[in-house]
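Structures are listed in the sections that come next.
Paired with chain B in one complex and with chain C in the other, chain A is shared by the two complexes that follow.
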Partner chain A sequence: MSVGAPKIPVRVAEVVEVNALIKRFRFVRRDGGPMPVFSGGAHVVVDMDDHGTRRMNPYSLMSDPADTSGYEISVRRDDAGRGGSLFLHRHVTPGMDLVISSPVNLFPLDARARKHLMIAGGIGITPFLSQIAALSRLGGRFELHYSARTRDLAAYADDLTARHGDKVRLYLDDQGQAIDLNRLLQGQPLGTHLYVCGPKGMIGWVCRTAESLGWPKSAVHSEEFLAPPVGLPFQVQLATSGKTITVGPAQSLLEAIEAAGVDAPYLCRGGACGECETDVLGCDGQIAHNDHWLTDEQKVGNTKIMPCVSRFQGKTLILDR
Partner chain B sequence: MGLEFNDETFRGDYTFRNSAKAIARFPFPFAEDSYMYSVNMEPHLPGRPGSVFEHMFDVDEHYVAEMRDRAQVLAEDPLRCQSLPHMTLAGWDLLELIMESKARDYPQWFSLTKDGNRWHWINRPLQIEQSFTFLDETTLPYGPMEYITRQTQGDFTLQDQRDDNLWIEAGMVTTQADWSLDFDIGMSFHEWHAPVPLAHEMRVFDRALKFLLNLQLGAPVRRFNWTMTVDPLLDTSPENYPKWGPSKTTMTPETIGHRQHLRVELQTLHRLPRSNAIVFPIRCYLIKFEELVTVPKWARRLHRVVRDIPDELATYKGFIRNKPLMLDYLSKYDDGAPTSPGIWPE
Partner chain C sequence: MTTSFPPAMRSRPVYGVLTARPGTGHLIVADGEGADAVTDMIAAATDAAAMLARSHIIYVPGPTGTDRAETLRALGAAQFHRSPSFAACLPRLQKVLADAQMGMQIYVAGTEGVIGQVQQQAMLAGLPWQAVQTEHRGSTVRRVQCVHCKGITEAVRTDPFPCSHCGLNLFVRDHYSRRIAAFQGVNIDAEDPGQVPPPVERFA
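Coming up: the complex of A and B.
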């Protein structure tokens, strides 16, 4: 369990098939009370009991942050993933009870921005939906550039265009449309902040382009949740609790620690926030550092590990847990 | 109902005093017989009935007089309250947090009713009644942060979070232990803590920042800080140092019990919902040495803490000059008996 924020017991109020790959889920509090207000770009961790396997996946909140009657997330089905999205798609139906975390924001808008320039790819549209709802209420200036494979897969594009008109530009891969990023980034007023959420390749492309055009690092924001990668099973010794655990092929190290009944901190479960950082007491082998948190030096030194996404191959790994 | 508010002053004739009830609920900050810096944060959960932890924002017998003192400070120096333009939303978050907490925790004094964004606020002790539109600044006589912190004890700073750091970019600071909002505004976390000795070497601030960046909505935390103040002056600001600094030189063995105060700050930290900013309320409690020594455990322990504190800390906290005088006074109340763990009286 993490730093003490209350978990929210919810009931699934609605499940909507948005397109062939994406379903939208609406959660309301089981006790009928209001949800906390949140800030655009926040996510929650959804706690699932997948037939005996505990899955906790982060999803961006896409509903209006001021709407306290419920929260909505959109989930893209990942047929090759570890199973969280498949569980939501196949087994979660209206009326079911789940538990979600309180909202956490690792992708907030910069309140100083004169203009918010948003670039979304595919399911990466979700955090922008809540941000746009908040900006619309407060009169903030924004522009969204949204790319998707096909019109059918461009979730919420019609609704966004209807509401916000020419503040929204859509780019469809199958029609050969692509964002003219150089031109877009060169034509922005001073004080613009850039936000990107989408596939890894797109985030890298946007950040590199912005850097080469001289955008200050502090004006460029991205969010990428890493799904914990699958891999070979491995053994880990937990020195503080005196246990030796085996991490399964489709299990994360954090999940294996939790399954062994050991209390470990976490927030994002996606390698971004740093909360689960753990001291490595002994390492004979290779840690696959998959996180965005540790510095390159720390990664080489093998003195820290982020158990939410990182794995190990070798003889011995001893952690301070 | 219940509590009367003291008619007292924190300047001039200094009529401030604690009732027996206020002494019994004083937040004595030392859980053991010695003191060193630590991050020492714990969840700010509703606590022991009657204590300063009972509610999210404690309202005590000094409320009305403290608000009167704040208004005087602001009239003389409006820069004690500042909010950079992008912090207005955080100000609304704070206004909502305080109004909802007070109306829930002290319904006899405060009331908040809402009809959508049309809100109606009643503050009976200060005789204020206000209808306004939430998130519309033009409907309040001040900005949202200033409006609500003119009605709430303690200093407040609002920190924006960006670039993996916290930036102090708004605040109401009139009861401070010798630091200046006007000087610090716009600084990052390590910048505004730069003057603190020893703690940097201990990496206290690195750890505290990491902790705060992940502070969660609905999970506020608290810690204590403390210093020493001669005369019950709330506004010990650098701006006014010439007015209060010299008072340290005029204390005598005859006046120390009445003039020397232990100054305790109950500091809490809350993540704010709409702005993702963090609010840092710093609530100041004063107690005269002669009041404090009526609790034998506290008298013994304060003597031991002051006796054993490193000189760097006594210097930073501004009482090294009067440390011998304090020890002479406090030693009379320390018979060497063991003290029980924790902060509460025995």
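Coming up: the complex of A and C.
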């Protein structure tokens, strides 16, 4: 059960190959009506029927939040993933019907900031596109530092540079270019907020460096959606509904709970939002906590689990669900 | 000793204990007994000399007359400024914040009026309020805004008290505004004018 606003039935209006790895999809409402306005940094969960397997993946909205005629997402193909991005790349074509969630924002701009400093890595550029569109309209001060493997893979870099000039700085790995993070973070006016979206390693590097240079935690924002990792199958007892279920190797615990007909809350399905937090009533074994939500103490305590991304190995796991 | 307050409504601020943190600079503001929180923090710092070399200390004597300016001056910070009142050091504080870069740590210790107003200035400079470290020491007198005339009375000791601007008798609530940096004062005899309970010295 998705929490909050109702789902939106959409039609795929356009599919564009942005580069060798990334495709862009445009969704419009099937009834022709306007989409809800969203805020820069928001995402939607795309509901897919992949030949009988239900896939629900979160993607950042990259279109202008003021454009209510449709939503756009950019999807990087993950050949080693569980299949959501491959399904979108291979099977989703213009004219197809899909269902998406209403937008949810776990990565909003802090409107109190004097300046927004954005650091993007690869496909992590997408939430910044909608944020920059919003800031340009409001006249907000921003600076984007965007790193990608090659110029060809630096999606939307040309467009960003053309529109925003020296507010955008591009770093290409194959040219040996790298962000001079220490220097960048030491030269920012008081009241700057820092935003980072990209691969796990980059987010960790930026957050650690900011902390060591005295940036307050409340001025540092990051977003990383995790794909539910694959693993060994395991059994779970659902105490409230009185069911015992088996989670398949490529299935998430949340998906297995849903497949058993048990209505569990969720929002982002990527370990970020905290909505699916579930009480653990019994645990004889090891929970692989893969989320960004629970604190380290909570993870060690094994009294809570985030079923969207976390798995289990051991004898018994009993959940309050 | 850090002041401990009885539990109150959520809006009432909660203060911590100052701890030296890594930073590219350190802005330290204190009034009255807050000086002791500063010397305690410096004494516990791993590299006090390096911290002081990048510190700017602003000190105001407390509302009950405590003046430990010479103790703080003797620490040998890069900059030390004693101000006769908080209002007098406000232009300096605003200039420091306007010129500062991210990475500067802000510490404030002493009475609630000064703690709240430094936090307010930091927020106006774009910093999240949580970025300011706070510690309460000394007098518990309050800075109270009259909800009727909007005037602020400093160093309120009794409850109720007469508003220093409009003269209404105000009941002092725990309801606090970070934006205004003041507690809320509400007319206590609005329905029965003249029926004012005797003032009790709640804040010392």
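Everything below uses one rule, namely that the second predicted complex is superposed on the first by the 320 of 321 C-alpha atoms of A that agree within 3 Å, B and C clash if a C-alpha of one lies under 4 Å from a C-alpha of the other, contacts with A are read in each partner's own complex, and residues count from 1 in each chain.
Keep in mind that, in the parts below, contacts are C-beta pairs under 8 Å (C-beta built on N, C-alpha and C of every residue); 3 or more make two chains touch, one makes a residue touch a chain.
Remember, it's a predicted structure, so these values are computed and weren't measured experimentally.
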Combined model on chain A: chain C and chain B, fit or clash: clash
Which of chain B and chain C A:294 touches, first, second, both or neither: neither
First, second, both or neither for A:213, with chain B first and chain C second: second
Residue contacts with chain A in the superposition, chain B compared against chain C: B
Partner chain(s) touched by A:114 [first = chain B, second = chain C, both, neither]: second
First, second, both or neither for A:135, with chain B first and chain C second: neither
Touched partner set for A:188, first chain B, second chain C, both or neither: second
Partner chain in contact with A:38 - chain B first, chain C second, else both or neither: first
Segment of chain B that clashes with chain C, given the candidates 94-102, 238-246 or 310-318: 238-246
Residues of chain A at both interfaces, chain B in one complex, chain C in the other: 110, 112, 218
Touching residues (chain side chain A, partner chain B) in the complex: 2-6, 36-39, 42, 65-66, 102-105, 108, 110-112, 134, 137-138, 218, 267, 273-275
Chain A to chain C touching residues, read off their complex: 110, 112-115, 185-192, 194, 212-219
Chain B residues within the chain A interface of the complex: 43, 86-87, 89-90, 135, 160-163, 210-211, 213-219, 273-276
Footprint of chain A on chain C - complex, ascending: 21-24, 97-98, 100-105, 123, 125-128, 130-131
